[in-house]
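Two complexes come next, and they have one chain in common, chain A, joined by chain B in the first and chain C in the second.
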Partner chain A sequence: MQSLKISLKVKEQILSKENMKLDRNTYKFTDKGNLGNIALVVGIVGLAASAVGYIQDSHQFYFSYLVAFFFWISVALGALFFNLLHHLTRASWSTAIRKLTESMMSVIPFMFVLIIPVLLGMHELYHWTHEDVVATDLVLQQKAPYLNIPFFIIRVVFYFAVWSILTFALIKNSARQDIKHEDSILARMRKYSAPGMMLFAFTLTFASFDWLMSLEPHWFSTIFGVYIFCGVFISMLAFTIIMVRYQNGQGAFDGIVTVEHRHTLGKLLFAFTIMWAYMGFSQYLLIWYANLPEETFWYLQRWEGSWRTLSIILPIAHFGLPFVALLPQAAKRNGNWLLMMAFYMLLMRYMDLYWIAMPTHSPEGINYSWMDISTMAGIGGIFIWLFWRKYTSGAAVPVNDPGLKVSMEYVN
Partner chain B sequence: MADLAQTATKALKEPAHHERLITGEPSFEQVTNAVSRVVESKTPKAWWVLFGISSSATLLLLVAIAYLFWEGIGIWGLNVPVAWGLAIVNLVFWIGIGHAGTLISAVLFLLRQRWRTSINRFAEAMTIFAVICALIFPAIHVGRIWVVYYIFPIPNQMGVWPNFRSPLLWDVFAFGTYFTVSLLFWYVGLIPDLATLRERATNRIKKIVYGVLSLGWYGGNKQWKHYEMAYLILAAIATPLVLSVHSIVSMDFAVSLLPGWHTTIFPPYFVAGAIFSGFAMVMTLAILARAAFGLKDIFNMRVLERMNLIMLVTGSMVGYAYAMEFFIAWYSGNEYEMFAFVNRAFGPYAWAYWIMISCNVIVPQFFWSKKLRTNIAFMFIASILINVGMWFERFVIVVTLSRDYLPSAWGYYTPTFWDIAILIGSFGLFFSLFLLFLRFLPMVAMSEVKGVLPQADPHFAGNKQAHSQAVS
Partner chain C sequence: MKLVKKIDRVILAEFGSPKELLKAAEKMRQEGYKEFDCHSPFHIHGMDAAMGLKRSPLGYIVFAFATMGLLGALGLQYWTSAVDYPLVISGKPFFSGPAFVPVVFALTILTAAITAVVGMIAINRLPRLRHPLFSSDRFGKFSDGSFFISVESSDKKYNEAHTAGFLKTIGGQNIEILKDE
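Then we have the complex of A and B:
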């Protein structure tokens, strides 16, 4: 009862109109609201609780942590992709949310710190790190030039270097534009985005191979990187919808980012939900059809015990329901409905990652742990705190961008 | 539905405030004249020459097919394990060409890419002709042509049904749907322009033929309303087909157990490749058409540049897929898988493999340069090279099977004269149909192009003038 009261109070505070204020001339926040503080508290509590969990059951901790880590970095990487795409296509509609998405990707360098527990837990997460296992396993010996600890760490550093450099390059130019606009700044950002997109495709793919696919080091699928990419973009879109709606709810974003932008974000969310299903189905159908034991075991694992239930639910809940729920135009233009769907898609995304990673941890069936929640809250809290801190530190929109007016007046 | 309706109004009517999509500031009348002239003027000599060449090639196709029916598929270079040979290579090549047309007419329409209006019509026509060319190959490959109807699930007295689990049967459905929808979509789009030609017809036969085909179109408000809705619904139906058709084609290979064929990225990889090659074909044809018929304002540099950018994107996707295949072949730890790829790159067909890599991966990367992607000569050569590369991609996939598990049975697949004759013949058929299209139907969607002209905007300054004059 007590906790319910507290949560109601928190909700009230978050939703109260007076919480956040935006100066309409400079687009700077005069009142940053308390989202950041709440997130920081949640983050610290979550991480502290997870640390206790680590002492209790380190195996569970590491798996929960990996899922939570990948979930949150997905939002940041999705935002990086969104920005690269924005510049490459010279999109006009998304200029008004560019600062928002830039702030989301600005968390990437910090995620490098948050991946350290994954590196420390490699021995528990990835059984290709066990020398005795590899010694008796010909296939793993074959893969050893790729799947070995030093190279794994080098790759992690490389991925983060690439992502961070791209992030810095874009954010630095964005900051420069805030002082004084020059066409050359946008041109430069576009210039970075072109090779950036190429690098992004490959780094994300190999990161997903390393962090998720190699949990089952015998299994392989060429579509896996693309499948993960769809999920990454879904995470980012859903998170953006929530943040836009949150600020609309505060009245801070009125007339800047409107139902038109949410509608477009909703359309993208809808499209990538289908894309996700297409990739997932392609992978499943081809493996099912060929019925090669070296591939099917991955799905068979997910057909054990209660995993079977999740395997049946996943395509329906992650594709079937949102397909219907996001199809009508009204669904994408109704603020509350779209907000609910965005939360729902984040949940689905979590479920998908859980379904990919966790059967390695508890092959006998779903073994949901409180640490799954605490790590999500921990990393999520820190993520949102960092994101919010960056976002509210400057103008909420790229004030000097010549495309801003077009974007603010954007109509679907 | 309301969503769709909105898209339709926007896509067709949104004022062109960003930029001029059609250069040279033509009036509505000039657009009609420029496009209709191609159909109405006296047949140019060059057309007869080209049609002579392509219809001769078509004749070669007919002869080759007749001989094939007489002798059986033994006249081809087929062997085991390369049991499909060039027939499947050509099938996949042609069906892939078609995909750009559907992407341009349906997907880009839904995405409100208004620059598509210039190339829309003839890209769609290309789709239809490419699908016709493609469909020849599975039909003539069955060997016993007199029982070709077995590929359809027709109830029969023998109780014999095709295998519903076979992707080859899915192909029948996929191609059938694709051809039907593409044809309808194309025809619906043609109706207003057919009516224009009917109005301009100078002799009775033309008047009757275009009159019947235009289904009594008079351009009334209500007609436009229904027309736009029908167009939009067909676009929405055609959109998933862009993905589904080539995904199913890829499954012809990928559902098997064969190393090099069975890999999960095949569906999206084939779709990207199909769009890639299709755009290259549209480009080749567009450059020829703009030069031959003086349509430089309609097929202007902005349109061509954007097409090049799409080729850059899809070409990079194809490159990504090649890289994934290669990496995972190694990562799988499966020696047969590894062998299949090493054999592709360094085996007896290495020449074909490297043609494929250079044309598909390296050539489109030159489009990063603005200078090159706005250079007509370069893009013309590149578009041809890309199609060569995409043909070789399928060739590589199919013929590198010639080294399978049993080294003593390793051989080298060589196409025979008749294989090549049918390939050339299919190009002949494609170009014959295309030339006929250019001669008898408007190759640019006049009504749509007018829709993206500045005058179509109710707030256009010129209109205001005319309006105030009319009022006063």
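Then we have the complex of A and C:
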């Protein structure tokens, strides 16, 4: 307990170092702070270290990279979902953090560059790409019309095209609104959001099938996409809470984003922690009950060696603990506690992805590598740098949005 | 706390807008009134704080009952499937955790939901079939487009002439004194 207090105090000191300033009239940054520069350095160092790792052990590199890539694109995709939802429901409370979430999703087109290593490493990651394996495997032969290299690449391009078009459409209109507000701009964003939401659901589902589920091409679970979606939204919410809290700590966000917004973000985080467990359990229950070998092997694989420990810890740590820790209202309104829970949920999210992807790489047990950390730092650094660059380039809030005043005065 | 409190008299005042109502509620609280209520056709943000309402204890009651529902559902399934009438179902153990979860989940939600509804009614001291407010002709408009404050005679600060005068000074109109007939 004492050490927790000390670590919170240290965190508080880092946060309260005022190095970021916001002009109160235009809401533009007069001092952008040093987060972007730190992130860029971490990103470059991380990617360089990972490149060294690639020479050492390319198999480990590709798996580490895939987990790290999916972890970070989750934050951006969650932000895309959040924006679509914001416009679709004409939400007013989230207007004050709209620029923040827009900046998070603005990284999506850049992630297309960062997925290239995954495409280069397909042969190491996905064993359905091995022609000799497919030749002796009846199931893979029948799945070949879907699981083949050209179609896989076409789909990757398609997913990024859909996500990027939606992102551009929303950000472009948001920029137009900054110059001069017209009601038609919000109406147009709403119009994009309805089909956008459906496209998002389809593309995210199939992207999770392609990138994660096809690591074990024999296994199938139709709920897998929803399960991944819950994680995607959790990542985004946790990241947003951290970013909001960071700016609150800097004094830049006072009176704009308050405890009320953080409370609501905390409620959503709590809700989607439950939804994650609901989906994860639904997937498990049906497979456990039917007990069919072509489905159960996926869980049996995660019951081998030290994976077993992780399989037991995951539901408790990803659902049980946060359920209790986020249940009371006071927990969601306490800034430091919520910040800690947001970091914790990001860690859990990483653990979940690791648990999904890594048993294919090391079936005998957990084999944690330094490349897992370096790829996370590399992609994460670049992600935060791009996000921060976009965010600090304009106003921190949509200044001309008629919902802004309502949002700033928002009470739960 | 008596379940049904006797209220003989109520003073009713009408206000022009939600903003006026909010301000008036604030002043009522500052003046020290406790047994008063605001009536509006829709939810007004910040009204709870203006009236000085505390957080409802309902959440804790619901949590307690939900926990009981959870344990009850687990116990019921354990006793029926593993103790009283053990039966092998699709080769699973008598006490098979995953199979019990849907029932546990559903019963937890059910007890929580029922407790929330029944608890809300009980804490609001409902149902109440008689109230002096019902004798007002104007009061029906509260669900339509009017905003009211009512002060019940059970309030310690209740003084018919004084309270009515105070309501007038904070912007109340059409002040009525209603008696339970």
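The criterion applied here is as follows: the second predicted complex is superposed on the first by the 396 of 412 C-alpha atoms of A that agree within 3 Å, B and C clash if a C-alpha of one lies under 4 Å from a C-alpha of the other, contacts with A are read in each partner's own complex, and residues count from 1 in each chain.
To be clear about the criterion, a residue touches a chain if its C-beta (ideal position, glycine included) is under 8 Å from a C-beta of that chain, and two chains touch if they have at least 3 such contacts.
All values reported here derive from a predicted model rather than from experimental measurement.
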item	value
Clash or fit (per the criteria above) of chain B with chain C on chain A	clash
Partner chain in contact with A:M279 - chain B first, chain C second, else both or neither	first
Chain B versus chain C as contact partner of A:A330, first or second or both or neither	first
Contacts of A:T205 with chain B and chain C, given as first, second, both or neither	first
Touching partner for A:Y299 - first (chain B), second (chain C), both, neither	neither
First, second, both or neither for A:K143, with chain B first and chain C second	first
Partner chain in contact with A:A194 - chain B first, chain C second, else both or neither	first
Partner chain in contact with A:I223 - chain B first, chain C second, else both or neither	first
Chain B or chain C, by number of chain A residues touched	B
Selected from 58-66, 130-138 or 220-228: the stretch of chain B that, after superposition, runs into chain C	220-228
On chain A, positions contacted by chain B and by chain C	285, 289, 329
Chain B residues within the chain A interface of the complex	2-3, 6, 10, 243, 247, 251, 254-257, 262-268, 316, 320-321, 323-325, 328, 331-334, 368
Residue numbers on chain A that touch chain B, as the complex places them	138-140, 142-143, 146, 194, 198, 201-202, 205, 209, 218, 220-226, 278-279, 282-283, 285-287, 289-290, 292, 294, 328-330, 332, 412
Chain C contact footprint on chain A (complex, rising order)	281, 284-285, 288-289, 291, 327, 329, 411
Residue ranges of chain C touching chain A (in the complex, touch as defined)	45-46, 55, 59, 63, 90-92, 98-99, 101-102
